[in-house]
């Protein structure tokens, strides 16, 4: 099954990445809201550690800003300033509006809230959706297990 | 010397407090920006602990949102949502614009940046301006020392 | 009421301090066991911060090793090595044996367990017995409140 | 090359494990001293997390108490009480005396100090000797990488 990330805009990158473009590597998507304390205290710092831990040939991490409350307080300018001040360097997509309150990608992926960490394998299959905190030890093992799977033939 | 807090607006209160109105009590003013990591991780949680530790007859804590960068990203709506999500209940003033880049109160009080914790004694005299992190043990002692000074006669 | 500290031996000091010798200053006694995790993780680090925060003319901190379990594992040599490795510099008394399982000072002071932090005022009166964790902010305030009481006339 | 763990005694187990007995599984050996702060604060808690994270069919963790200072303070009774109080449940070996100051296994494995985390693969080959702190994320990945290697044929 093909998955899509519906972004209205990207920050921290000049291109407009697609999920298909990450095929061949394991991909972690940190789904967050800049005003969500659990995202600021736990999810985003862990995503930054992920980016520093794994080799870029095997693994990539991106952010997805999926706002489902306080829409007026979450402008593109606010997000850009937030990423700058918190030293978040990986590409971040702004989730597209959905038909209801939930943004489009968040709904398509059936996520429960933020922070969520979504893992895709080298073939682009969604393999995990972690809502809330995940211990570093278990997450490091889980990602390495995906990295060590046979590459697509 | 009289000190003034120049606010364009207050959140978390229906009134518009003045420094003079806190006379008779020790007052701590947490000066912050919602996009400043040191404020979010250290200054504001400490201010919340202050509010829970000291008796309201002796002591009060308020916030002062003093934005000197990323002005567009720090709207009143953004701040209100931030206070809601981080469970910050004490009154927060929005610092008035200054003549230059610095907001007016921040300039009048000669502060160096955020987070800053400013302490006023029962007579309304400014007694401390702490820039950056202050250990809880020393701060608890400093505030109690001000509380135990003789009340105005 | 006079209080006594019943020590069989002292470490980190060449003298044999008595409670009476601390009159005129506020005294904090950190009651601990070297094999008690709460003492190692919370009580003793806080006692070290106390020693660094308050002026020696107003305040002193000492330790009291009150062993009520694993007696064989808590020899004087073990304690000396423990204090050395954990960089604990303040004087530490070894509590005298009691008539039952509890050491003598611990029983005389009616303590519930370790860690306990016992505070004496400048007159030598016992003013607090905190069992378990105490927040730094509240403790800093409590000690300063005792320091600011009128000295004995 | 065959590696050996030279133990005078084991705690937390009725048997006397050998390295050969762990063949087929990845093995982590936490080398520690009960009076070493870095072991108590970082190494041993991480070893406890390891034991909770990986499946016992793939992985095992044991401790090795390798004392090279304060010998008198590190009796078997002290160690047993320490393991009980800190809730350390995995098997712990007491390293055999060496010819010099270093215990025998620590010298045979050419370790630099404590804490050290030594990793063996499913074939019993020593694959890593980490001295000091290792981030959980990297360690989780490293262990899973060893687990995912082909089993011996």
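Note that the chains are named A, B, C and D in the order they appear, and that numbering of residues resets to 1 at the start of each chain.
By our rule, a contact is a pair of C-beta atoms (placed from the backbone, for glycine too) under 8 Å apart; a residue touches a chain by one contact, two chains touch by 3 or more.
Just so it is clear, the structure is predicted and the values come from calculations on it, not from any experiment.
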At the interface of chain A with chain D, does the proportion of residue numbers present on both copies reach over half, so same, or stay under half, so different? same
Tell me which chain's centre, taken as the mean of its C-alpha atoms, is farthest from chain D. B
Based only on mean CA positions, could you tell me how far chain A sits from chain C in angstrom? 50
Gap in Å, rounded to a whole number, between the CA centres of chain B and chain A: 35
Hunt down the residues of chain A that sit against at least two other chains at once, touch-wise. none
Chain pairs that touch, by label, are A-B, A-D, B-C, C-D
Taking the touch rule as given, give the residues of chain D at its contact with chain A in the complex, in rising order. 46, 49-50, 53-54, 135-145, 147-148
Chain A residues within the chain B interface of the complex: 35-37, 40-41, 69-70, 72-75, 77-82, 84-86
